[in-house]
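Listed next: structures, encoded as C-alpha cells.
Paired with chain B in one complex and with chain C in the other, chain A is shared by the two complexes that follow.
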Partner chain A sequence: MILNHSHTDISRNEGCTLTGVLSVTCFLQDAVTVIHGPTGCTHHNASLLHASLAENDCFDIPLLVSSNVSEEEVIFGGEGALMQAIRSAESYNPSLICVVSTCIAETIGDDTAAVCRESRGVPVVHIPGSGFLGGGFSDGIQNALMSLMDLSSPDLHSTEEGVMIVGEKNLEYEAEENYAEVARLLSLLDIDSGLRFVRRMPAGDCSRISSARYAILRDPSLDPIGSALSSRFGTEIISGFPLGLEGSLRFLRQAGDMAGIDALPAIRDEEGMQDDLVATFSDLAGISVSINTSMADPGVLQVARTVMDSLGMVEEDPGIPLPLPFDPPVGTTGVRRMLQSWRRGISRA
Partner chain B sequence: MPECINPIWPCALTGAVAFLAGYTGISVVIHGSSGCYYYPKSLIRTPLFGSFILHDEVVFGTGERLRSVVAEVSKRGGRVAVVNSCVPALMGEDLAPYLDGYSALFVDAPGFLGGVETGYRIAGETLMGEAAITGDGANIGGVCLLDPFWRGNLHEARRMLARAGIPVGTVVAADHIKAVSHASPLTVMVNPDYPAIIGEDSGSLLGISSCSDTIMRVSERVPGADPSPLLDECRLAEERAITACEKYLRRHDPPVAAIAAQAGYASFFGEILTTYLGADSPLILPRNDSSGVAVTDYATIADALSSDEYTLILGSSYEHQMQPCAAFVGITPPQRGRVILGSPPLAGSEGMLNGVEMILNACMDRKKKV
Partner chain C sequence: MRQIALYGKGGIGKSTTSANLSAAWAEKGLDLLQIGCDPKHDSTRMLMNGRVIPTVLDVIREKQKDISVSDIVFTGYRGVRCVEAGGPEPGIGCAGRGIIATFQLLEKLGALKGDLIVYDVLGDVVCGGFAMPMREGYAEEIYLVTSGELMSLYAANNIAKAIARLSANKRSSVRLGGVIGNGKNIVDEEDLVSEFAESIGSRMITFIPRSPTVQQAELNKKTVVEYAPESSQAEVYRRSADIILQNTTFHIPTPLSMDDLESLAYRYLKE
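Entry: the complex of A and B
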C-alpha cells in the first residue's frame, strides 16, 4: 500500500532507481556489478533478481558485489570500501565493471565517480542509482543505458546489419516473447534484429552501439535514450514496440520507411493474420463486458478498446469484468494472448 | 567491513518492519526511499505504508513529508509505527516533533545496523517500553512474519500451552497491539533466533527434549498447569519419528547434509539428522551470528556446498539452485518457485514430526529420481 502525496513527482510511485539500473547491468554478460552501499540494498535486489529470473527458468543469479557500507563507513567515509569491492570484482576477470551508487553513498558524500575514474586494467563505469536522488525505476534504466552508451565511440565506421533493440524490460515475465514478436514482424520485411542493448549482451558489444543505423526502443519513455543515440551516432529511431493490432501495422510501415523497404506486402500479410485472429475469437462478439480503468495503463486501455470494437464486444456496466494485462500487448501475438485471457475470464464468469 | 558477494539475508529495517507488521491495531510506515519500501512489502504480505522520500526532502528535511504521511495513515484509526531507514537516519534529523499529536511509535532501524534479527530486536525493545506484565501463564515469543513457519509455530505453541493448562499472555510478534499491556512473566520461544523481548526466556519449543524441558519448567511456575499429557505426547511423537527413520535406514544410508538457516533451526534439524537418522554432523551455514559467524554471502555458500557431495540440502531456494541434484527441504526464506499455503510448524511435537517427515520425503523423492 503506497501513499503518494506528491502532486509534482511521479517517482514516488515507482520502484527503486537502483533496481532499474540493475535490470540493465545484470543482463550484460561477462560484466560484474558493484553496489556501493549497505548489504541490505544488494540483498533486496539479489532476492528480486533471484525471483524474477527463476520465473524465466534462469537459475543463476548475476554477480553483485556489495561494498558493505556499515556504521564505520557511514562515519568515516566509504570510498575505501568501494575500492576494495572493485578489487574483488576485478578478481573475477570481467570485461566490464559497473559501479552503482546508492542513497547512502550519495548521502555520506562519497565521490563514487572519482573512484571509478582511477586507471585499472578493466573498464569501470559509474552509474548513479540512488533511489531518492535519481527518481525511480525507469530513471535507473535510463541512467544505465546512458552510461553504457559512453563505451561506444561515434568514430566507428563499420555499420551493423540489423536493427538494435533498446531497453527491453528484462524483469518482465514476457520479455522474450515480446522480443520474438518484434523479430517476427521485422522478418516480414526481411530485416534482422541485431544488438539487444541490453539483454544477455556481451559487455564488449557496448562498443558497437554507435554502428547501429536503426534502433527500436522498448517504449516511448526511453525517448531521451533515442535522442542521445540520434544526436551522438546518427541512429534512426522507432519510439516503441508495436502495441496491439493497429500498432503492428503502423510499426511495419515505420520500419519499412526507415530501412527504405516497401512495407505494403508485409502489411497485407499481417492484416490477413489479424483477420484470422478476429475470426478465431468471434464467439466473444456481442458479450457485455466491463473494464476497471482506475489502475490501468492508458496504452492497455487503448489497445483493449480497439480490440473490443474489432470483435463487436459491448462495454457496459454491469458487464463481465475483463482481465487486462499489466503492459500493453505487443504485436498481434500479444493481442492473441490477451484474447485468450478474456475468453478464460468470460467462461469463468 | 569486507565486501560481500550477493548477500542473501535481509537488513535490519526489514526485521523491524516484520516485527511491527505482526501486530494489528497499528499501521507501519517505512520512512525512506522507494526501494526501502518495496522490498519489505514484497516479503511481508500485510498492508505497509511508505514516505517515499525524494531529493528535496533529503536536502531540506524529511520531517514535513513524514508528518503528512503519518497524518494520512492515522485517519485509518489505530496507532502508527514509523520505521526509520538508512538515509533519514544518516541525516540525523530530530523527527520526534513532527510526530507530535499522533499516537506514533518511532523505531530507528536503519539497514546498515545489521540483519533481520537486529531490526526485530530494536523494534521489539521500542514497543515493549510500553508493555506491562499483568497476567499469569506464558507469552509466545520468536514469531516473525519472515519465518515460513511462523503461523504453524504459533498454532502449535497455542495448542501445547492450552493442553498443559497454561494461559497465553501475548504473542511476540503476532497479536493486537493492546495485548502487550497484559503480558505474562514467562516466555516460551518458537524460534530462538528472534529474542524473547518480554518476559523471562523460559526455553524453546524446538525439538522434543527442549519442548519437554520447557513445558515442565513453565508448568512448575504456573498454578494449576499439568504437563503430563504433553510429556506423553512428546514421547509418542519421538517413537513415531524413530520408527519412520529406522524403516528408511533399512534400505538407505544416512544423508550427507548441509543446512543453511538461522542458527536455531539449523541446530534443530542437525539434531534430527544425527539423533534419528544417524547422519554425521551436517555442514551448518548459519544466516545469523548468534552461534558463530553468519554466512550470508552467495559465493561463499556456493563454494561451501560444492566442497562435498551433499545428498540433502536444507535451506532457501538459493541453496536449492546451487545444488539442484540433492534432496531439498525448504526451511529458510526465500522459497521462490514453490507454493506454500498451509501452516506446518517446526516447534512442538508436531513440528518435530513435520521436520522428520520433510527430510524423509525429500530423501525418498531423490532416490526415486536417481
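Entry: the complex of A and C
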C-alpha cells in the first residue's frame, strides 16, 4: 500500500503517471495508444499533449483510443470494454498497440496485462499508468520504457555501433536541440547516434533495443532503465546527458572510454569552443546579478554558478535577476542558449 | 416508514431471518419491501417461492434507459415487494459500487417506500458500497445477526464498529437496534450472545434456535412462516417480528477489543 506525497506538491515530476507514459508512447511512429479508463483521462491528456506539442511547433495530435470506462464497467469489470478499444485501435493498422491502465482500471482490479497478452495480429504491450499507486510523471516514463523493452529479443546482443539515446524528454521545449548537442559531441569522437528510444521512433524499432551496444540516458533518474538494459542486453550505459561546460568535457571522456576511443583530441577541440564561448560573453563580466534559488533545480544552480564564475559575474543582493532554464543546460550549446537569455535579461534591466 | 438492515457474518442466516421476518410482518398487513444487497441475489428467493428475480444491476446493464419500477420490484408472499441488487461475476468489477448504483436507481424511481424496508446486506462490509444501507436517509436501525461462534461474534463486533463510526457523524441517525441470535446448537449459546450484546452496549432482542424446519421449508422454496405456519419455528419468527416492531431502544454500540471478545468466548468454551 502506498501512502505518501505531499498535498501541495504540484511539481512536474509528481504529475500524472499516465501523462508520463503518453509522453513516451505518443512518440512512437505507427503505434496507437489505448487508454483503459474513463474518456476524461484521454481527453485531458490529449489536450495537454496538443498544447505542449504546439509550443514546439508540432501540430499532429497523437492517436489515442479510450476504452470509455463508465459506471457500468466499474461495477461489472472493464475488460470487455478494453477488448473493444483494442479492436478499434487495430482498425488503424498500427504496428504496435500500447495499452495504458489508469487509476480506475487498477482500482477495480481489471487484469489489463492478461487482456494484452491474448494473441492478436499486432503486438499489444501493457504499460501501468495509474498514479494513485504512488508514481508520478517520471514513473510513467520509466514504466513505458520498461514495458517497451520487453518487445526486444535478447538474442540480438550488442551488434549496433550507434549509441542509443534513452528517455528523451519529449515534452520539453528544447528536446531537439539537446539531442543535436549530444549527437554533435559524439561526432567529435566519430561515434554515431543510433536509436532514439523513444522519440519519433518507428514502433518496429523496439525490437532492436537489445542490439544497441551503448546507451545514453537523458537523466540519471532513468538509472533503473539503464540497469535493466545492461543486465538484460549487456548494454553499456552513460547515465545522463552532458550538463554545462565541465559536464560536456566529462561526457566526452566517458563516451571515449566506453567506446575505446582516445577522447583527448575531442576534449581539446571542445575546450577551444568553450573558451570562444566565454570570450563572446565577456561583456557580462563584473555585472551584479541575483538568482532565484527557491524554485530552481539544484543541477541548474550548479551549472549557472559555474558559468557565472568563469565569466566573472558577481552574485549579490540586489542584482539583476537572471532567468534560469527549467532543466540544466545540455552541453556547450545549452550553456550558450542560457547565456543568450541572460544577456537579453540584463539588457532589458 | 421504518427502514431496518440486517448485517452479520457470511452464511449466518441473514437472508433466512429477513425473509421470515418480512413474511411475518406482511401477514400482519404491513407493506414490506425487502432488498437483497448482495451479488449472490438469494435474499428474496423464499419469498418468491424459489423464483430468481432479475437483479437491478442486470436490468441497468441490459436496459440502460426507461427502467421502470416493474422491471426491478417483484411481488412475492403476501405482497412483500422484493428487490435484488445483484452484482458482477465473482472476481471482477466492483460490487460495492453496484450497491451504490442500485440505491441511486431505487431512489430515482421512488421505489424506496412502504411501511417497512428491510435491507439484507452481504456478510462482510468489505468496502464503502456495503455500508450504503447505513448511510443517511436509509436504514436507521441495524440488527446484527450472530451465533455464538467466535468468528460470527467477531464479524458482528466489526459491524458494530462501522455503526459507531457512522453515528459519530452528526447528520447520521444510524443506531443499533439489537442483536439477533441465530443458533448453531452451541451450549449456552443464548447466554453468550446475550452477554456479547450487552457488552457492546446493546441487547439480544431475540434468539432464533436452530431448527430442521428451516431446511425443510427451504427445500420447498418457502419461508418457514409460509411452509410450516403452525410450527414452533414459525412462532419464533412471528414473535421476533413483533418484538422488533415494538422496539424503541436504539444504541450507539461500544465495540469490544479482540482480546475482550476472545476472553468472552473463552469463558463459554465447554470441554
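List of remarks:
FYI, the second predicted complex is superposed on the first by the 333 of 349 C-alpha atoms of A that agree within 3 Å, B and C clash if a C-alpha of one lies under 4 Å from a C-alpha of the other, contacts with A are read in each partner's own complex, and residues count from 1 in each chain.
In this section, a residue touches a chain if its C-beta (ideal position, glycine included) is under 8 Å from a C-beta of that chain, and two chains touch if they have at least 3 such contacts.
Since the model is a prediction, treat every value here as computed from it, not as a measurement.
On the superposed chain A, the two partners chain B and chain C both fit, without a clash.
In the superposed model, A:E72 lies in contact with both chain B and chain C.
Within the superposed three-chain model, A:I237 lies out of touch with both chain B and chain C [touch as defined at top]. Put simply, if you stand at the Cα centre of chain A and look at the Cα centres of chain B and chain C, the angle between them is 60 degrees to the nearest 10. After overlaying the two complexes on the shared chain, residue contacts for A:A46 are found with chain B alone; chain C is out of touch. In the superposition on chain A, A:L311 contacts neither chain B nor chain C.
Touched residues of chain A were counted for both chain B and chain C, and B has more of them. Judged by the touch definition given at the top, the superposed model places A:L63 against chain B, while chain C stays out of reach.
By the document's definition of touching, of the two partners only chain C reaches A:G109; chain B does not. When the shared chain is aligned, no partner comes close enough to touch A:L324: not chain B, not chain C.
With chain A fitted onto itself, chain B and chain C come no nearer than 5 Å, counting C-alpha atoms only. Shared interface residues of chain A, touching chain B in one complex and chain C in the other, are 71-74, 107-108. The residues of chain B lying in touch with chain A in their complex are 1-14, 29, 32-39, 42, 47-55, 57-58, 65, 68-69, 72-73, 86-87, 90-91, 111-113, 296, 298-299, 317-318, 321, 324, 334, 336-337.
Looking at the complex, you find that chain A touches chain B at residues 1-6, 9, 11-12, 14-19, 38-44, 46-48, 50-51, 54-55, 59-61, 63-74, 81, 84-85, 88, 103-104, 107-108, 130-133, 136-137.
Residue ranges of chain A in contact with chain C, taken from their complex: 71-79, 107-110.
Residues of chain C that touch chain A in their complex: 57, 60-61, 87-89, 92-95, 97-98, 101.
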